[in-house]
Amino acid sequence: MPWLSTLMAVPVLGAVGVSLVKSDKLAKQLALAISLVVLVLTGVLAAQFNPTSGTRFQFAEVYDWIPRFGVHYGVGVDGIALVLIALSVVLVPIVILASWHDADGTGANAPPKRSVKTYFALLLVLEAMMIGVFASTDVFLFYVFFEAMLIPMYFMIGSYGGAQRSYAAVKFLLYSLFGGLLMLVAVIALYVIAEKGTFMFPELIGAIQDPTTQKWLFAGFFIAFAVKAPLWPFHTWLPDAAAQAPAGAAVLLVGVLDKVGTYGMLRFCLELFPDASKFFTPLVIVLSVVGIIYGAIVAIGQTDIKRLIAYTSISHFGFIAMGVFAMTANAGAGATLYMVNHGFSTGSLFLIAGFLIYRRGSSQIADYGGVQKVAPVLAGTFLIAGLSSLSLPGLSSFVSEFMVLIGTYEIHPVPAIIATTGVILAAVYVLWMYQRMMTGPTAESVKLFPDLDIREKWVVAPLIAVIIAVGFFPKPLLDVINPAVDKTLSTVQVDQFTPAVADKKGAGQ
Amino acid sequence: MQSPVEIIPHSSGVVGVSWLMIVLPLLGAAILLLSGRRTDRWGHFLGVAMVLASFVVAVASFVELLGLPEDQRRMGVALYQFIPGMADMGLLIDPLSISFALLITGVGSLIHIYSIGYMSHDPDRRRFFAYLNLFVAAMLLLVLADNYVALFIGWEGVGLASYLLIGFWQHKPSAAAAAKKAFIVNRVGDFGLLIAIFTIWTTFGSVAFAKVFPLAGEASNGTMTAVGLLLLLGACGKSAQLPLQSWLLDAMEGPTPVSALIHAATMVTAGVYLIVRSGAFFEVAPTAQLVVTIVGVATLLAGAIIGSAKDDIKKGLAGSTMSQIGYMMLAAGIGPAGYAFAIAHLITHGFFKANLFLGAGSVMHGMNDEVDMRRYGGLFPVMRITAITFIIGYLAIIGFPLLSGYFTKDGIIETAMEHNQILGWLAVLGAGLTGFYMSRMVFMTFFGKKRWADDAHPHESPAVMTVPLILLSIGSIFLGAFLILGNRFMKFLAPAVGLPEELPVFHFGSTAGLATLALVAVGAVFAWFRYGAADVPEVAPRGSFLTTFARRDLYGDALNETLLMRPGQWLTRFAVFFDNRGVDGLVNGLAATIGGTSGRLRRIQTGYVRSYALSILFGAAVVVGALLYVGNM
Amino acid sequence: MTTHYLVLSALLFAIGAVGVLVRRNAIVVFMCVELMLNACNLAFVTFARQHGNLDGQIIAFFVMVVAAAEVVIGLAIIVMIFRTRRSASVDDANLLKY
Amino acid sequence: MGETITFWVLAVLSVAAAFGLVFSRKAVYSALMLGMVMLSLAVLYAIQDAPFLAAVQIIVYTGAVMMLFLFVLMLVGVDSADSLVETIRGQRFWAAVAGLGFAVLLALGVGNVTFAAPTGMEAAVKEAGGNVPSLAQLLFTRYVFAFEVTSALLITAALGAMVLAHRERVRPKATQRELARARFIGPQPSPLPGPGTYALHNAIDMPALLPDGTVSPKSINRVLARHDTEDGVRPTDPEKAALIKQVIEKDIVVKEAPEQEDDR
């Protein structure tokens, strides 16, 4: 059974269906149902996935697309892709449920009414593309999805966003296109120089041997991914886009779309251009560390909740990129896990911030105060999401951040130490935000806040549950991720570290 | 020194289910938090029951441990794989961890019970008990973990619980700020601990105690010194040692049982636990040990000085806590000779300091939550049980002969004296200061004139609060003698931390002991003249430079503010400005440049067809020229 | 002799081109275009004789036909523009700019 | 020799005419100059063995196309002269540079080539027996498709010219009734004065004006003038008023005289 094609087809057909039904309410219910079907299908797929099997890309489907240029419709998943697809399909139903009234125009402070059906159809189209981009095993197909993803997101920001939405949407689009075009050049050059007559990723591994060529092609790919991720200093589109996007779209933007950047670094940059990756490692690690500290410091100074969360993400993306380029088993697995965990923790922060903004009509931190007194559940879930963001042990982000740092420390101790100061800054920005918004005397404007209703609880509960579960028991995810990361690193051929003082009975556990 | 025994995997008996110690209070916290208002009526009983059950498991494990021969008294309980290939979730039941477990669950239970009464009027009592349960679970994970990663989870878990409990009354901005401060300062310490764990991992390829400690001797001295200092940084954060002491005094914003449980008896001693647990590293890094002792002594003096000037009874006690933990640090830095005294003092301190805090809470409970000692005075007749238990705690802490504190503190001072005369005498001086400030507290609170506020109607607290006080004071009287005499505790701990080559013998009336007693007496008498016999003004007099210095927490906050907060704020403002104008400005500037250039370039399109024709003709001429050129080549 | 014809053709073409560039009256501009076309025809005819091949004359013939059609349409457009703008100056029709 | 003389005469003539085309201020002159060039070229075609093209050149170009130009010129205004002021800065200079450069380059290119003596058309036209049959043969065999396409082009052009020149009626044509109505609502219901008079009005009570603008005394109706005078209505124009007064007085004099005669 063509599992992955089915996974993509269901939301696309669903989007068509959603845009055809008469009533808005039915459209929402249909969208939710479709996304849940996709979730179930992914569950079945994940159950059949065998992380330790010899075949790297499982559920592979390869058909000719443009035979003249060796372009294929090639999909397949390994452990890394699988967990990211899982992240996407888990987040989409949650986002749909969370965005239930976003386009309605109801509520005292809601934005004006816009087409509800279009919004949910766009969400489903986006879901299909997110699955596609992670599942592509053809570099050209990956590029197509990479760019096509921008379209639904552009409309979601540009039509359903806040006051500055068109500025943010255009900035987002131009930035991403800029990176994407560099990547297109590199993709074509890769095809031409490799002389393999195909765009299939597995066949292109090791095709480029010349170090100078590798460096140029690496730069083309890397800048695209650095813009997408975003890495410092290509980050300024993210705060605008995330702050202007509706909360649901912001979750998918920061939670999933941006992961394509770091995923691309891990999958394509490292494996296609191993020597160039090693050459550029110091530069990337410096950029990552700067991003970690810089993102955190700028986040501390923000006065807008959504911008603050966006800047925390820039800091977190620094961790992920650092983990990818540390090129150790722990850091690589940690970075992959971080991609998933960051999706959940930042996703829940954005969604709960969205609930707050829906109630108050303002995203300024100064407009809140003492929310904990009137809406304890809201405040509590916000705190948990925030604590996950500052990677409190026992919550999911800790495991990944710890692995990234320890893995980086194995090879690059100094950057790892500097990056670790990020955990202090993280505590400052999260807790200060919590202090300003949730504690203290209850502000007049929040006196009448209702606590989370049933729908909102259903939105938050699965996220919190995942955050805590992965925080204490990350093994199932790591078991899927580890073999894939090890395979990647063996392609890159990096020497794994050995402890200074080895146990005589064999190092490690 | 006699090296500790190896860890034996164990999965049967009570020890096999010792994880219940952690899971039960965690379950309690989860139920209380998730159930909402439904459990408001009986939630506190559930919280108490969970901790009591945990205590029962701890006692049972302890009994089972005692039943084993000494060389088998380190039992590893594997639970599950946490991060495959790096860290597994597992517990280590040995004399050291079980001592802590008993202290945490025992004193914890008493404080839980006490809280039923203390928090009876608070609408959020259920949430309070949930947080307390969460704390107990995290603290137990910290001390029972068999590797550094699991320890770190507990370490941060108690930090979270501490944050939640300090900020329990969130509507008070001061409480919220204090909670945040505590967490952030702790994070600075955690940073050190994290780097220490990284270094341990890269040095030994493992983070499990069982794997790394036997190899400690093989690592380079520099590495071990670094690990030791980093661990010390972590310990300083958690245990409020210099230079990370500033959060503890603010942490008194939390409800008093929290101060008793977390900020006196258990959590703040985690740093001492960490140093003692990592003794294997410190023993091969004498420099790190020396720094530990110096930090300990500095903090014990600083805490005592701060405690001497505070009028807020809880802050006075907080200063005292700092000081006492300084003693423990001092002992822990000395090595195997000091470990037993450090832990013993830790345990007795857990009892008498909890006793003192709860007593202070009881006083506040009767005085409409007044904390200013200048508004107390003459309370002895109206709250006799509280007063008597408080005085027992007081006598214990100042080292009144034959009470708990006497044995443990004297042990530390004498060990320090043998180790290093300067440190020893400074510790003696600290003891004298203890005598002064604790006496001052007792005299100001229970004796002298009544300086109560007009609406104060002091009364004795209910039995649910006084019974824990009585139990704790019994511990405060006898525990020290029980642990120290005959080196009972030292031998018990030996499987975990080893024994010194020469067992100390406790003798009454040693030079250091007598000097300590004399200084304490001087301090107490001085306090009597200042605060017992003389009238205490209701408003604090300006005081000398030293008093101001102490009242301002030795300018610790001012230092932090000048050195870290202000530059941090500037940096933040600059970074935000730089991001908006610099990075984003560059991008937007580039966009504007392109837009402007094309705007100007656009002017070439004049709309005059003749201009276009001219350029076409030029183009044609160029083409013809090129053709000719190429043709002639 | 062929060279002379060709140079004459080039000269006429260039004069026509300059005329297109400097005159503003659309009709005169048009005449200049016709001049350029004629210059080309001369070249075609000259080459036809040079090579003894009728194709050049055929092409010149087609050029004439097309030029006739072009003149019809062009003049119709000029008349139309003149009707609406009361001017036959090519500089006046400069709305399509920037 | 004859060809050379013809060439040089016509070459000079056509280049001069071409300059005239470009530089004459009046469009009509330009058109005539163009005609001159075309006729010269026609002769040049003829001496280059292209009699058919020469004929077509004269018939189509000089006959049809040039007439079309002249018609349009008349529509637009024959005597309209271009202003000589150049509005686009540098246009003339650069146009001259480009034109000169272009001509020089072409001339250089052509001059560099050494041509053999022309082959001549004799061989090519021998088979079909003459220039016109040969061209016809080619047109209807090898170039038949292009030929058909040109016919389509011509039809399209004709249709296009009609469509372009057609003026769309924006409102329905006015009926006689509407025209009459409009006339009586308007300021002047009466017909306008006929050509040749300078009067603004065509009414019996208004004196006619002489070519120099003065009132013709003969045109003043005496009866009306007297009534006007009695009613105290006087033209505002003092000259006219004086004339009327004079006419009336003369009338009285005339009247009085018979009375006097009668009296006599």
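Read from first to last, the chains carry the letters A, B, C and D; within each, the first residue is number 1.
Following the convention adopted for this analysis, contacts are C-beta pairs under 8 Å (C-beta built on N, C-alpha and C of every residue); 3 or more make two chains touch, one makes a residue touch a chain.
For each chain, UniProt lists the protein as follows: A = NADH-quinone oxidoreductase subunit M; B = NADH-quinone oxidoreductase subunit L; C = NADH-quinone oxidoreductase subunit K; D = NADH-quinone oxidoreductase subunit J.
What you see is a predicted model; the values in this text were computed from it and never measured.
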Shared chain contacts [subunit A and subunit C, defined touch]: B
Chain nearest the overall C-alpha centroid of the shown protein atoms: A
Centroid distance [mean C-alpha coordinates] between subunit C and subunit B, Å: 96
Whole-Å separation of chain centres (CA-atom averages), subunit B against subunit D: 106
For subunit A paired with subunit D, centre-to-centre distance based on mean C-alpha positions, whole Å: 76
Centroid spacing, where centroids are CA-atom means, of subunit C and subunit D in whole angstrom: 22
Set of subunit D residues in contact with two or more other chains: 88, 91, 95, 98-99, 102, 106
Shared-contact residues (touching 2 or more other chains) in subunit A: none
Per-residue multi-chain contacts in subunit B, two or more chains: 606, 608, 610, 614, 617
Pairwise touch network: line, ring, star, complete, or other: other
Subunit D to subunit B touching residues, read off their complex: 88, 91, 94-95, 98-99, 101-102, 105-106, 108-109, 112
Subunit C contact footprint on subunit B (complex, rising order): 602-603, 605-610, 613-614, 617
Touching residues on subunit C, where the partner in the complex is subunit B: 17, 20-22, 24, 90-91, 93-98
Subunit C-touching residues of subunit D, taken from the complex the two chains share: 3-4, 7, 11, 14-15, 18-19, 21-22, 27, 30-31, 34, 37-38, 41, 44-45, 48-50, 52-53, 56-57, 60-61, 64-65, 68-69, 72-73, 75-76, 80, 82-83, 86-88, 91-92, 95-96, 98-100, 102-103, 106-107, 110-111, 113, 115, 118-125, 131, 134-135, 138-139, 143, 146, 150, 153-154, 156-158, 160-161, 164-165, 167
Touch list for subunit B against partner subunit D, complex: 606, 608, 610-611, 614, 617-618, 620-621, 624-625, 627-628, 631-632
